[in-house]
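So, here come the structures, one by one.
Across the two complexes that follow, chain A remains constant while its partner is chain B and subsequently chain C.
Here is the complex of A and B:
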């Protein structure tokens, strides 16, 4: 709809005349036709599954005796939500992703920002080669990347234990190890986003700063970073959501160490409930709660970002 | 309007072309001993399975049959998604005719109400099966599956190194501890074996030997006894082995483990019968180093655990249960099956006459010491009573979660086992099942 608005503006005709209304109607109709493929996909792949998840989350399967006579579907109101919210495993999962986010978000964003600024500055040679090298991990499928890191982390065949003197798969080290995989994966992607935003910073402003005597660091800190702040906030929102949904990396490492439990993150909790415990109602309730938490957190970050840029 | 009939005919002819080329492709494959299209008039039976070599068995069956045609879909191994896929299919009322269920997964699949009662169909075969396998498909006294193989656990060990350093083969767990200390003394980097804490199925096998089944179906009630005397004894023993740093903790089957097995850092493996094949595949250059023996025992009473083992069930909603049964009877009891199996693995059939066929077909040459099938037969004879419960698969992940902190000293195996018992009972009660805690009344 917002796309249509500017097109309508140049039409200089008396408002209210039948011709204008007719044309507007025709345009609305055309817009609707163009939106149909999107609407079909939105309804069939997003809205229907979401509604179905909401529906599922209100039911549970009840057995009796030995259970071999099969289950009975029972409406339990918000019972599944209550049991998820009361489940220590779910709390522990949220705690894990919160810690993960604390490690991952700053290191990944600062890393990609620094790399983007370096690429944007004049000091870097072979710019394309560097950006490609940092970006490549993003192109590696997460499972493959996770497996490669798991082998590097393995105490007897991987080098990392000998290099650091710490077993990367031990209780204390596994969270930083997972954050490291995610950071490795995402640093290049965000670097490209930041670099693209930096390209849009007007050259005159940068030159003016230089004429005023600002060095490379000062220009980066006082001119470039403030100018790409909206982009950075968008990246923060995406990374916060991504952190909450953390799944693949710990799932892969779980095959290599007992430290990662089956409910180590909220997404793994959902997976465990649905596909190991076979409890679809609890899985649906947990995923609805996870979606609500994601929405709330993104809203908070967005609110924070608009306040900051004012 | 004008175009549509033209399109239709073109569509038809294209379909005809595709059909012709598919037939050509099929004809090409027939030379390779398999038919890919159902013969006219045959009943089609669909099967989902992750059994190694199932494609070869199905091809052999289809080559000999006119009336039943089997269509195989290979799915992910049970705990890696196969059970979830089958359970979801049952819920969605589009399950295949034949489902892959291990003994350990059978009662949990039964909770969906998706399996057909095979008691009458299977009654005549009882005497032909290994008793442990027969019990495995009859958790409540009705027959719910067709047994395929049995997977008794044995102790694989580096006979060359044990002999070279004069360490006797341990026959009891006390001797096992002595041997473990001796191995560590010879090479401080080496351990007698690994005790993977994140493998619930492995720990269940170790506990099975101790003779205290975790579940028993008593009338309409499950007796749940995961922290029983035998299991706690097992837990206490391995806790002391871990505390004294006498066992490794590496996960079986990982690259780390394979490297350790080959490099002489692991001198043994407590593994199931299917590890015969695993060893041959993962460390093929180790010919003439390894031997097998039945598991060490508690105070000399012969007993052996089991880890895994496959059976097949028929969907309650199958439209071709008779045809499915024809295939499963062939798969489980026809002597061609172990002959085919022996070409790429070391099958240990649940069907006793077929086990004799597998023994005949076994090539040998890899292992030192007692003949492989002698050891496996003896191990299978020693398997005590056991019933898998309706939450076994979930329990495996609970075990792995609860044992996680053991290595760091956060908890001990006996402590964790008591928590697992509470967790399992609460989980089963929440589902509405009738549960009694502890051993039989």
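Here is the complex of A and C:
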């Protein structure tokens, strides 16, 4: 998950006698046969839809004249993009996911990193049990995780309002409440990823640091964390993308509170534009914008990671 | 372990603190599920009269019975659909990933680098972008509101291909493939009888995570399905949950249904513990 495996030059690429070349060609064909099912899926369920979304985002449906002839497909250049970018609801959605990311990403990453480091330290007993316990929420479907927490948050059924003295579904608290659902679901998964990476840190380096008098904290901070930095950055990229696409948790909470609007996140905005308002052009433009933002942010994070690890 | 010696110095100070943090983390993770278990045993009235984590009157069987008879037993359909979408999709999808990952790692068909680059890009494309065009394409093909509209898109698992490529690289030695070729086995046969068994722990990991991914997926079924008979269990429960404000009797159904939908996944992860850990390790450390 962290670093790409180094390219290994396949043996069969070295050209030799005509016989070998002939065999290699036959092999190429067989490799293609094995790759074709996925290739077909990738083209039909990813590439074509992406291109179609780009195409859709340049058109709008307009009623012509008195509207007797039905709506007409009109090319509007970047008109849909302009109207999405000027839409306050879209801004509000972006603001919500940005705030969500600011709460969710640090709490989830610090939580999973600390737990992974604790599991990796020599003093912990019953490692397997602890890591499984924290991992279990990942196996809970997002809708159901959202429902469980929504009930726990709900003032009539759940205990949290009485426990904290704050209504978790109120205007001010709903964002951290949603972030908490996501954090609950992902801490264990990332903990396991980080723990696995920590296991690969050479023991000699850690022992050398210990021999030099570094304590547990110092070893973790200056040796272990830098060694697993690539893994951490990949986790950050996936979490950033996931945060921008936030959809299910707020959709579930909508059934419990009026504070979550129908366009609360950009993904909900796209859903609303496409399937409630029926404005395909605007929905496509918003979804393309969201994809572009995702790509830019992951590029920024990855760039940051390569610069820092030099 | 030799780190033991160095730790002894601070050992009895930090051991309780470390375990306290782990206990808190475990409680945070498990208490919501404990709540789900206790709540599934309660009747609607008991929610307001009993504490969140205590048992009320034992009502689980009544809840389960209502759950399975509600709307002519539609919950059966939902569970079965989820098993078909996730089970069928994960088995077929992980096999497709394994074949493609192996082909990219171990054969030299033209364009494999391009395919790999496209695959990595595919990992990053948000579902949100795909949902509307997929809906429109599915309407063109007249497969909206069918099993296939949800099943086919969820087979595509670019990250699984990436993992399978790593597993093939790590676990299938070139010498073995060479030996199979010398013995006269064709490439396809070599893949199925030699390489695939060697990649098995990795493929099981892809399978398990694709299963979870499909069982979890919400956006695509929400967009592509309107017939409740085709819903996977999370979409069905979501739809019931939106009715609770008007009809509170749905609350125990949603809670009991959630418990029954979560159990198989938790059990699968616990039972296959060793398998997926090994697979994740191979995939993440490379």
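One rule holds for everything that comes next: the second predicted complex is superposed on the first by the 268 of 310 C-alpha atoms of A that agree within 3 Å, B and C clash if a C-alpha of one lies under 4 Å from a C-alpha of the other, contacts with A are read in each partner's own complex, and residues count from 1 in each chain.
Everything that follows uses one rule, which is that a residue touches a chain if its C-beta (ideal position, glycine included) is under 8 Å from a C-beta of that chain, and two chains touch if they have at least 3 such contacts.
Please read these numbers as outputs of a predicted model, since none were measured by experiment.
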Simultaneous placement of chain C and chain B on chain A, clash or fit: clash
Touching partner for A:87 - first (chain B), second (chain C), both, neither: neither
Which of chain B and chain C A:135 touches, first, second, both or neither: second
First (chain B), second (chain C), both or neither touched by A:157: both
Per-residue touch tally on chain A - higher for chain B or for chain C: C
Part of chain C, among the options 80-88, 170-178, 242-250 or 260-268, whose backbone runs into chain B after overlay: 242-250
Touching both chain B and chain C, residues of chain A: 151, 156-157, 254-255, 274-275, 280
Residue numbers on chain A that touch chain B, as the complex places them: 61-71, 83, 151, 154-157, 170-171, 254-263, 272, 274-278, 280
Chain A-touching residues of chain B, taken from the complex the two chains share: 81, 83-84, 87, 91, 107-108, 110-114, 139-140, 196-198, 217, 220-222, 249-251, 254-256, 259-260, 265, 390, 393-394, 397-398, 400-401, 403-408, 410, 427, 430-434
Residues of chain C touching chain A in the complex: 1-4, 6-7, 10-11, 14-15, 18-19, 21-22, 25-26, 28-30, 32-33, 35-36, 39, 47-48, 51-53, 96-97, 99-100, 102-104, 106-110, 112, 115, 118-119, 122, 124-137, 152-153, 155-156, 158, 161, 163, 165-166, 169-170, 174, 178, 186-188, 191, 212, 215-216, 218-219, 222-223, 233-235, 237-238, 241-242, 244-245, 251, 254-255, 258, 261-262, 265-266, 268-270, 273, 277, 280-281, 283-286
Chain C partner contacts - residues on chain A that touch it in the complex: 1-3, 5, 8, 10-13, 24, 26-35, 37-39, 41-42, 44-50, 52-53, 56, 111, 114-115, 118, 121-125, 128, 130, 132-145, 147-152, 156-159, 184, 187-188, 192-193, 196-197, 199-200, 203, 206-207, 210-211, 215-216, 231, 241, 244-245, 247-248, 251-252, 254-255, 266-267, 270-271, 274-275, 280, 283-284, 287-288, 290-291, 294-295, 298
